[in-house]
Amino acid sequence: MNDLLKITSLSVDLPGPGGPVRVIDEVSFDVPAGRTVGLIGETGSGKTMIAMSVIGLLPEGAAVGGAISFAGTDLLTCGPQRLRALRGHEISMISQDPMASLNPTQRIGRQVGEVLRRSGAPRAEVRDRVVEMLDRVGIPDAARRARDYPHEFSGGLRQRAMIAMAMIAHPSLVLADEPTTALDVTVQARVLGLLRKLQVEEGAAMLLVSHDLRVMSHVAQDLVVLYAGRVAERGSTASVLGRPAHPYTKALVRSVPAVRTKTAIADPLPGTSAVPARRPSGCAFHPRCPLATGRCRSEIPRPREVAPGRWSACHEAEKVLS
Amino acid sequence: IGSGGGAGRNAASQAIVASGTFVIDNIDPGSAQGGSAGKELAGQQIYGRLAKPDATGKLVPDLAEAWKPSADAKSWDFTLRGGLKFSDGSPLTSEDVVASFDRLIDINGPYAANYKGVSAKAGSDTVVTFTSPAPDPALPSKLTTLFVLPSGVPADAASYFAKPVASGPFMVESFTPSSELKMVPNPHYWGGAPKVKSLTIRSIPDVAAKLAALRTGEVDVVWGVPDDQIPALRSDASLKVEAVPSNGNFTMWFNSGIPALKEAKVRKALWQAVDFGTIIKQLYPVTGQPADSPLAPTVFGYAPQTPVAYDPGAAKKALEEAGYPFDKPLRLQFGQAQFKPFLQAVVSSWAKIGVKADLLQKEQAVFIEDLLALKWDVNFQLLGTAGYDAATNLGRLYPCAAKRTGYCNPDLDELLAKAGSATDQNERKELYTQASKIIWDDAVGMFPMTSKVSYVWNKNVSGFTLDALGYPDFSKAVESGS
Amino acid sequence: MLTLVIRRLLAGVVVLWGAATLIFLIVRVAPGDPATVLLGPDAEPAQIAALRTRLGLDRPILLQYGDYLGQTLHLDFGDSYRLATSAMNAVLSRLPATIDLTLTSAVISVFAGLLLGSAAGIRAGSGQDRIVTTLTIVLQSFPTFWIGIMLILVFALGLRLLPTSGAQSLSSLVLPAVTLSFPFTAIVARVARSGIAEAMAEPYVQTALSKGLTPREVLTGHVLRNALIPVTTVVGLQIGALLGGAVVVENVFAWPGLGTLVVESVGNRDYAVVQAATLTIAAIIVLLNLVADLLYAQLDPRIRAAS
Amino acid sequence: MPAFVSGLVAARRARRRSGLIPALVIGLYLLVAAAGPLLIAYDPVRTPLEDRLLPPGAATSSGGTALLGTDALGRDVFAQVVYGARTSVLIGLTTVAVCLLAGVAIGCVAGYYRGWVDSVLTRLVDILQAFPGILLAIVIAGVFTPSLWVIILALSVTGWISFARVARSVVLSVRERHWVDAARLIGVRPRRLLGRHIMPFTVGPLVAMATLEFALVVLAEAGLSFLGIGLPASSVSWGQTVANGKEYLSSAWWISAAPGLALSVLVVSVGLLGDTLTARYGRARSR
Amino acid sequence: MTVLAVEGLRVTFPVRGSLLRRSRFTAVEDAAFTVGENEIVAVVGESGSGKTTIARCVVGLRRPDAGVMTFEGAPLPARRPPELKRAIQMVFQDPRSSLNPHMRVGAIIEEAWLTHPSVAPPGPRADAVEAALAGVGLDGEAAARYPAQLSGGQCQRVSLARALALSPRLLVCDEAVSALDVSVQSQVLRLLVELRATRRLSMLFISHDLGVVHQIADRVVVMRAGRIVEQGPADTVFADPRHEYTRALLDAALELNDIGMT
């Protein structure tokens, strides 16, 4: 398959108060061209760090292992210059907090067009393309609003501007880190729709980071479920949500309440989610797992293909599936 | 080391820059402010006087060529030189002298107090007559503070003094109060226009900076240099150093009004307890000289007294006998920071025999107020004698009525009153000698040291007169370049 | 924007009134009588009384205060008896030198401070940062008079490059301005450093980097302007502090500035000049802060909009 | 003292090693200030004039060695440095303590009650800030008879402002935090609310601020002494000794250099410590 | 019996206007609703619609500009006596910032009894704290910890324990579960429902998650731009929304699409 992005055994160590912490541990998955891959997990599970590893903006002091190959280039070894050439043009990013991710002292249009301007496009052309792009992301009266400052935009408009900024140079991979978490439900639905539409039109692949299963179920084609910095399971969204191959995914799916029908409150998982800094031995999920065995406590389960296109990091995956 | 360097002085500029100890705030000679040395310094460059003291304190003619008293010394006639002119070319007549005098009285500044009931009248164009209700033999000396302005300058004339009409050797070019006074020669000066192109008197408060400026040649003449700096300056071949006796004595009054210091014996013992000889030798090797009178040797009325020898043993004994309260510290007040080391040494001497003293440096305003209110036990001043005449020192400060020291002695009062009105100079001198003896022997204060003024200047400047009070005369100065 | 200006001006008027009152109070509470100081120890009580009347010091304090406020409104602080000129003239004669010194050292400091601050802030926590930060602390840690005298000994006396004192030529401005800029540079550098470090940590910097900008482009294009915002406030405040707070440096270099004028006038109880000088300084400071505020608003569109 | 002790404790906790050395140096100074005068005999009143201006290491007439030379009155410079430490540290600590207390009280009240109280206090700060701090200090120190307390007062008049500012801004942000609301809901009284739920959060930034302020105060005292409006003649402080030596910079450099160096090393150390603390406690903008 | 009745509630905030005119922004306008005994009333609406503002008025953290609030039949005075303060408690959205990070969990809970000795349980405090923690499913050992040493879900339980320590009759939950991960969310929701049953609590439950609201609420109040646009029993509102805004809200809400997409 034509994998645009191939992450192999990625591990990231970040400096912590008690020495380095392995926040990403042996994570592997692919993002095929034109497809949307969802990265899901609870807070602190390492979703953002994976996105940052791809675009090469990990925090100072991070130690990275493994390989990330993007269209044949190894992003971890290619050097800053090559990486900068890719950023914005081939790989772009939409971040979680549209409020803080736009420079408050620069006009929207300038920020959206910056990538083009840097690559030497003439001013008039940049302006036209910025207005066109803003128009495409549904900002009314785009020509005028391009001259606004971020604080004059509502949250939804700001996120649209971020999307315009990410899409303006026709990238082949978009990293979207919780693009709708900060938005109201009504706005969220519209922005998600827009993101999908643009992605399809542009033929770009997308790595979508979210902790919201509902969003994922609507947007992502493949899912990667993270737990405490490790992949718990992955596969196509439909199969993962429909027939989880990991007890954690199963519990997750169960705890999402339905809106239109009244559901009972799901039986909660016991305990609290593990954080990378204090990861339990063996399977990180074992203290909360109803199926945990002695083996789970001592042996780290590595993802294995448990069904065609389904990878699970559970010793008891077969039991879960059935 | 040569002069000049990068400091921006043109060698052949014929310009002299001087920096003394005094800050020139003000160049209105009559202004309310009293006793400002800076004003005096500036005044002497810009304005003429009837007579002025020379380096030894003797009066010499300035605008007036002669003066003489009437038989009863109640009036004095001053005869002006002929053909005197102000800097603007207008003639300087006796009317101007009278107007200047009237202005001084009108403003009612501190000097006005010297002329109680005195009036001036122009006899002719060149004769001015001063009349006082009582005989005043010291009048010519007192009149050295009368600077002559053209008539018609009002009392309140701030703007006039931006560029006043001069009667002295120099006229004002520019003036920044308490910073810099730049002057150029007065072409109409009776003694001939000074030869230098300009004379600048600049205030440089920091000693290190001042001496650095002297060494780089930015400043040509400097005076009031601390003694400790002088050896290094002496070794600089391009500089000349000289110290001139002043008319000032270190004067440390005791407050005889307080119980502890009532007795002359106690005061004398405190005096004996201080090793002034060593202190002066160590701290003022150049500008200090042990005093032997309340007055400096250059002052009229000076007469040497028996030196008070350092004898801590005797002092302690005397104090114990007199029941001196050793546990109560003396409040020793002073105003100017430069005297702090000297006074610390004095306190140290006293401490050796168990006499305690708190050294209180007071800010000028508070110092004067406390001085007059007698809120002190020992008061330090470097006390000059205006006009070089004992009258302005002993006569003014030591009578009971002056209420300056807490000391009151009817005998002394009588002597001083007599001396104040006597016309015969010999008689006056004799009376002041007797007065000095009483003051000295009763230890109204300690009179440890007569001070000199040290001058340091670049060798290429010459012809200026060193003055005992720190008022050098630049009317004949030349600058030869380097 | 206009609203902001008017609001600030009104606040400024209140501040100036407060400042005028404060200085009036301090000066009156102070021990030591101006008439006594002016006339010296030899004056007679009658003379002192006469001068007190002339100076208006015998009037009830509230009347004096009223007069004083009235005068102040007319920028007329009365005459200085010590300087034989109007107090305002005395101040005006010192103002140019003060402004020369202040502006020069401000320019030096802002330039050097921004340079140092950028070097440190762009890589917060790095060795470079620590070196610069330490340097700024050292800069700030030496008494200015000590630095001043050392500079005189080296550059004026030793190398004969520059004049020691006075305010005659441009070259005589160098040493005092440099001396004065030592602590000021440190302050600007520290504020710029924290501003830049803070801005560097903002998500929009990540955004800019994710667009492929080089660190230098990020610094000049995105960070500096935001980091300048706190710097303007501090510079506004500190230039004001330099106006009269440079007394020590003025003293060392015999620089005829406002600070020395205040010190001398305080010593001489020259109320008129103390009041004129401090209020002039206060007015300039208030004005500078206003300018800084406006600049601030200009730099930060959010504030511009809010006003 | 508490500010300082907790500063030291905080410094020890600081992971950055650079915080440790300054803390040690400061500890040494505190030790010298506290114990030094007990070990070294020095009488500022005694002026052995025969020993004046001796260079460092020279033998004195009384048979001792002047480790750092003597001053213009023959007094031992080393002893003055040790005794001066006490005065300077005392002035620094007292002024900072006064400023800290006043600043925290005022800042907290302004930040907590807001409204007109805040407006009035803010205006007061504006008024005080319309004067350069040192100038106001000069006016006050110049106007009253010099004493330790006048100096402390003069330096405190504007010194509290930065503390008040920091305290106020912390209080303003903390009072919006939910635990304050929660405490209010369970009926906690305002005093306890301030003391237990709000003020503890001002400690960090204020300690960082205090170290900076301490350095400024010590320097300002030296500046006032230089201008001759510092401490009374009878006290020994670094500022006084440095100022005493200003005439001798090129001949007897040690008089100014020794206390000057002592002063600068302390100020640098305090500054470095303050910097570590500022980095730890963030927000407090250095001014 | 109605525990809380709100009528004609109006809240405005000053906004920086021009020089002379201080204009005010109306955050809540003419709000009226009731909370019955042992009832859970949910307030939903988009961001900025005034949900939190209402909650703050109810607990007395903010004084409304107009309107009457009645608690158990008696109007709530502007200055509430301790007894009334005690009776209405609140749990905030952010689990971390609702606990003072400088205080241990035990002290946080005890503080409630310090100011209201009347409801302090008899016996040793440590035991009481342990009992209170046990009531929200926490180990007694947690009392010695600082909030930073607890997870978000645990913090939220401590907040609950603190509120419950005063035996309130009305509990206001402002987005009390929104910040929690789904797997923890259901733990807290469970607890709330249990508590209602065991302690006969009434609840004002603010949330933007319609799924959660549907699970837990008896009645729903829908807000938009400061006004209540619709209210009624949860089943009715969800099944048959009357107001178009409610419909829009429901339409926009995503369901877990377990068919997925291919």
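Per-chain residue numbering starts at 1, and chain names A, B, C, D and E are given in the order in which the chains are listed.
We adopt the following convention: a residue touches a chain if its C-beta (ideal position, glycine included) is under 8 Å from a C-beta of that chain, and two chains touch if they have at least 3 such contacts.
Keep in mind that this is a model prediction, so the values were computed, not measured.
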>> Between chain C and chain D, how many steps is the shortest route if every step has to go to a touching chain?
In response: 1
> What chain is the most remote from chain E, judged by the mean position of CA atoms in each chain?
Replying inline: B
> If you average the Cα atoms per chain, which one ends up farthest from chain D?
Replying inline: A
>> What's the distance between the Cα centroids of chain A and chain C, rounded to whole Å?
In response: 52
> Just how far, in Å, is the C-alpha centre of chain C from the one of chain B?
Replying inline: 38
> At what distance in angstrom does the C-alpha mean of chain E lie from that of chain A?
Replying inline: 32
> Roughly how far is chain D from chain E, going centre to centre by Cα mean, in whole Å?
Replying inline: 48
> chain D: which residues touch two or more other chains?
Replying inline: 142-143, 145, 229, 246, 249-250
>> Can you list every residue of chain C that touches 2 or more other chains, as numbers and ranges?
In response: 30-32, 145, 149, 153, 157, 251, 267
> Where does chain A touch two or more other chains at once, residue-wise?
Replying inline: none
> For the complex, which residues does chain B have touching chain D?
Replying inline: 206-208, 226, 228-229, 232, 278-279, 282-283, 337, 340-341, 343-345, 347-348, 351, 358-363, 366
> Which residues of chain E touch chain D in their complex?
Replying inline: 56, 59-61, 82, 85-86, 88-90, 92-94, 97-103, 111-112, 114-116, 159, 162-163, 166
> chain B touches which residues of chain D in the complex?
Replying inline: 43, 45-47, 49-50, 52-53, 72-73, 142-143, 145-146, 228-229, 232-234, 246-251
>> For a test of understanding, state which residues of chain A touch chain C in their complex under the given definition.
In response: 55, 57, 60, 84-89, 92-93, 95, 97, 100-106, 111, 114-115, 118, 149, 151-152, 162, 165
> Okay, in this complex, where on chain D does chain E touch?
Replying inline: 177-179, 181-189, 196-197, 200-201
